[in-house]
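Note sheet for the following structure.
Chain lettering (A, B and C) follows the sequence in which the chains are written, and residue indices restart at 1 in each chain.
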Amino acid sequence: MSTTSADTKRSARAAMGPYGHVGKLVDELDDRFGVAKGGRVLLDKIFPDHWSFMLGEIALYSFVVLLATGVFLSLYFVPSTDQVVYHGAYRPLQGQWVSQAYNSTVHISFDVRGGLLVRQMHHWAADIFTGSIVVHMGRIFLTGAFRKPRELNWTIGILMLILAIFEGFIGYSLPDDLISGTGLRIGYSIAESIPFVGSYLVSFLWGGRFPGDIIIPRFFIIHVLIIPLVLLGLIAAHLGLLVRQKHTQFAGEGRTEHNVVGSPMFPTFAAKTTGFLFMVTAVSALLGAFAQINPIWQFGSYDASKISYAVQPDWYMGWLDGALRIMPSWEFAGWGHTIPFEVLLPAVVFPGLIFTIALLWPAIEQRYTGDNEIHHLLDRPRNRPKRTAAGVAMFALLFTLFAASSTDVMANFFHVSLNATLWFFRVAVIVVPIIAGFVTYQLCREMQGVHGIGKRKRAVIVRRSAQGEYTTVPAAPRPDDERTELDPEPVPVRIDIEPLGNGDEVRQPAVSPTGVRQVTR
Amino acid sequence: MSDADHQPSRTRVPMPMAAMSDPHMSDAAQQPARVEMIIAIVFVLALGCFVLFGIAYTQNWDYWTLGGSIGAGLFLLGFGLTAWGKYLMPQGPFVEERHTLRGTQEERDAMSAALVERTAVVVKRRKMLGGLFAAGAGIFGIVALFPLIRSLGPLPANSLEVTDWRRGTVLVDSTGRRVRRDTLVPGGLITVYPEHTVDPRTGFITEDGQAVDQTVLLRLPGGPFTTMPGRETWTPEGYVAYSKLCTHLGCPVGLYEQELELLVCPCHQSMFKVRDGAVPTFGPAPRPLPQLPLMFNDDGDLAAQGPYDQAVGPGFWERTT
Amino acid sequence: MGSVRAQTTRTFRTKVLLPGGLLAVAAMASLAMLIPGAAAAGHSDSSSVDISPDQVTTKACGTVSVKGVTGSTPNAGNPFLSSSKTCLNGSLISYGNHYITYANPPKAFVDAGRLLFAQACSSCHGSTANGVSPDGTATIGPNLQGVGAATVDFWVSTGRMPAADVKAVEAERKETRLTAVQALELAAWVNSLVPSVPAVPFPHLQGADQSAGQDLFSLNCAACHTIEGSGDALAFGTNAPSIVNKSVTAQQVVEAIRTGPANMPRFSGNLTDKQVADITSYVTGRLQHPVNPGGFSLGGVGPVAEGFVALLIGVGGLALICFWIGERS
């Protein structure tokens, strides 16, 4: 009796076990790496569903976009300030002396197919990267997610913000165009202003006098290798801590300090987050396709004796530019030395103070509230009016400074005197944060006191009796306001999605696995 | 409860099969065929967009088609996948227990004990060795920084103070043309460099010429004037020259308002009164722009009487007035 | 007025007499370039580039004020850098080269200009344009004697004059109340009082070097007008106007460069006619027709606008997507 090939196949398949090829793979991996136990835990990992938890993902995925587009750009960019004569597609530059760095960037923009798209995607993704870090940081701050045990994660996050800002500044200075070169000159002067070490610092970093010929190659390697490596390490640490300590979550039904409630890693969260990765990339691509950013060909190659009016740095440096503009000209000169306070205070001391406060905030709050408990449940911002007001005041200060960096554009737009506009901002930078903080505090207190705030009010039916008496009866709640919410339960071993029978008959489970509650929103 | 705290989440009860109508699925899963068709259409559209991108690239079509197709395709792909996850996969709420990270008091004590006792072996018995090692490592840490920092560049010395202007250096414009009596009329302005820094054949200007020596030359109406005491001879025929480097942060001060006789720095809007020695009257600049003393040489070219009498540009620690 | 005859006369003047007259003048100038030592009265030798201002005031061309006259803004182009000058009966008709030709308006315009000036300008500038009112006090408007034809043509053809608000810090460009011919008539009359330079320029931009123009623009002009030419506010309520505004003509660009209106510096001997033509070609050929290969230019304002778009549309849009993906409560 010879066995048929079908028999062989069937018995081979039976020998493989009930889970087929995947089961075999799991077996082999488990033999080598012990993935079965830990892997199952990973698949069951719970991610809270609230939308504000995805803001950090915007930052993560825009960083991925930056890496990918950056690799492309690094294959064309020439990090050198050697002067060459431009002979390329953009005619108004023909025959001019330009640096190699500028030349290669214009080459990418005009002569490399798809180059301009990738370049613009890279720059848009950089703005989105820093923006989403700030928004994510705001969410963490306002909900108190930085409290014990997550102080280190907060610190890592602030460090990443600082690195992201430097990375962006260095990145848009690489093309060595007129606008970014002016920013470099300003950066040089700021570093130079530091007492004792300033002139040494700039002479070492620039390899001599400004502009020198080594700063662009140095910036290139810092931008392409050093900072990305550090950022990758910090991101790994940031996410690792997140895995180890698990997410925080908002308070709610079934949510305690001892659990995490949400959707499972596999397949739900994996699908959503991968889809989100594509959408972040798509937003960078669509912006890069339809909105022009940093058109360096219009600016010309950097010449230290040329300048344009109405120049600002990229948005995440705007607050520094605003601070520099409104600062009065207090410089100390005496006993053979000069301390330029008009540069030091707004551009060195002030940002140093801001970031130090940010880094130390968990300790500051812990000292102020005396709260050394572990917290996994988040605060609602309105329940912590002082913290929320402080955060809003800080944001208002930084936003006012950012607005102050375009005093000339505003003076032009509103047809007011430039000098008056500057004085307006000198006053506003003190007044606006105070008012913002105060108003926020009052709003939070009010919101705490109002029952059912944010919820839609239940309608009321007014009845008039024959005697003329008025009575009110609450109306039935709207269908949208009532929602079935389940008790949270552990992720089941098997989620077997049965396809429906014929078309659209809905099959009710025989036994509802969990309790079902009516919840009025 | 402490045992359960230490265990990772495990299913305690095998669950029955969950149908699409299970409360753990979203409402839209009640009609999975419809949702599936919508997502399928989205994926097909995404596919089409990518094909369009491929064609647009190879055929070198316009920029908007190239970027728009890949952007739209990525967006549709991501949207479809996300919708799949949101509408057709189990949503929850599922729970995961947090096992407390902290150990028991015994475990903590054991850890502390291990650290303290094992360190004691080093410290108490072998203090000298430990100290020598620490000293060695510390010194290494310090000297390792030397090449990392010092080799980066030269010491500043007087590089921040000295320009190339000397007595007799002729002023030239950006094309290398010498400045003469009739180059400017009152109300005119030009950027000038020392003659040897500009190559008239190629238009190439040296780096120092651009960055440090750059000077703004103006002509004011009314003939020679005195900007500050001691500078009576510095402005022949109304020509006056100032360092173009702003004393705030080094931007070139190229913005001149001739009726107001005001030089305005475009970066942070410091304003300098030209007739009074470029004294700053508004904005963050702390010091007047250094003035270059001028004279007409025997050939009728405008030349410097000598170098700047102070360091040009922004302030720094070693700067003396 | 609506009479056909008046309109025909005006059309004839605008479309035939004016260009015809100036073309004839320009033709004479060009011819004069080709024929050294021409018989035309008062033509002087053209080869030298470095002619001092004194030579211009020789009897060969009548009296032409270069350094400026009493009172208000003295004005001078750079006739000494031209390759030729044409004079007739002792007054300067035109000068220039194949980059820019400068020509004074025809003599025929002087009478009309006098009448027009009396109506439209004398209330602020005085009946003889000298900035003095009948009772001897200074008028609001400055002394215009000796400013040259280009200055008057610039201010009137850009609509800045007649001034809408005499108390404004700076007169802004606006809808012109007077026609191009009327501007030239005024220029002719004012120039006839005290002849001066620069005359009205006619730039010849074909073959101009836009790259050299870009280089010069970024060194001399971008500091006030911005590198993209969009203009911006300056000190104490003054401003540098936008030059990407398409109503800015090449002639007006040259006039502004050579005459230095209001707070703008005056570029005379420091820019040759070739350089001015290059800059003008860059402004009218490139800046006014920007090529934005990367998409919408977001107003050309720079990183502030880009930041708003990145934050509101980029991060904001993605946050909305998060809102869709996740839960709300």
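Criterion: a residue touches a chain if its C-beta (ideal position, glycine included) is under 8 Å from a C-beta of that chain, and two chains touch if they have at least 3 such contacts.
Bear in mind that the values here come from a model prediction, so they are computed numbers and not experimental data.
Student: If you average the C-alpha positions per chain, which one ends up nearest the average over all of them?
Tutor: So the chain sitting closest to the middle is B.
Student: Which chain pair is joined by more contacting C-beta pairs, B-C or A-B?
Tutor: A-B
Student: As a test of understanding: of all chains, whose mean C-alpha position lies farthest from that of subunit C?
Tutor: Most distant chain from subunit C: A.
Student: Whole-Å distance, subunit A centre to subunit C centre, using C-alpha means?
Tutor: About 50 Å, centre to centre.
Student: Averaging only over C-alpha atoms, locate the centres of subunit A and subunit B and give their separation in whole Å.
Tutor: Chain centres of subunit A and subunit B, defined by C-alpha means, are spaced 19 Å apart.
Student: Take the average of all CA coordinates in subunit B, do the same for subunit C, and state the distance between these two points in whole angstrom.
Tutor: That gives a centre separation of 39 Å.
Student: Using the touch definition from the top, which residues of subunit B touch two or more other chains?
Tutor: Residue numbers touching two or more other chains: 63-64, 67, 82, 86, 174, 191, 252, 254-255, 266, 269, 282.
Student: Indicate the residues of subunit C shared as contacts by at least two other chains.
Tutor: 215, 219, 222-224, 234-236, 293-295, 325
Student: Tell me, which residues of subunit A touch at least two other chains?
Tutor: As it turns out, subunit A has residues touching two or more other chains at 49, 116, 120, 272, 276, 279-280, 283, 288-290, 303, 305-311, 408, 418-419.
Student: In their complex, what parts of subunit B are in touch with subunit C?
Tutor: 63-64, 67, 82, 86, 173-174, 179-191, 218, 221, 252, 254-260, 262, 264, 266, 269, 271, 282
Student: Touching subunit A in the complex: which residues of subunit B?
Tutor: Those residues of subunit B that touch subunit A are 5, 8-12, 14-24, 30-33, 57, 60, 63-64, 66-68, 70-75, 77-86, 89-98, 100-101, 149-150, 152-156, 159-160, 174, 191, 193, 202-205, 207-208, 210-212, 214, 244, 248-252, 254-255, 266-270, 280, 282-287, 313-321.
Student: Which residues of subunit A touch subunit C in the complex?
Tutor: 49-55, 57-58, 91-96, 109-110, 116, 120, 124, 127-128, 131-132, 135, 178-179, 252, 272, 276, 279-280, 283-284, 287-295, 298-300, 303, 305-316, 318, 405-406, 408-409, 411-412, 416-419, 421, 521
Student: Which residues, counting only subunit C, touch subunit B once they are in their complex?
Tutor: 50, 52-53, 67-68, 73-74, 76, 78, 80, 215-216, 219-220, 222-224, 234-236, 238, 260, 262-270, 293-295, 325
Student: Using the touch rule from the top, collect the residues of subunit C that touch subunit A in their complex.
Tutor: The contact residues of subunit C facing subunit A are 210-215, 218-219, 222-228, 230-237, 239-240, 282, 286, 290, 292-298, 301-304, 306-311, 313-315, 317-319, 321-329.
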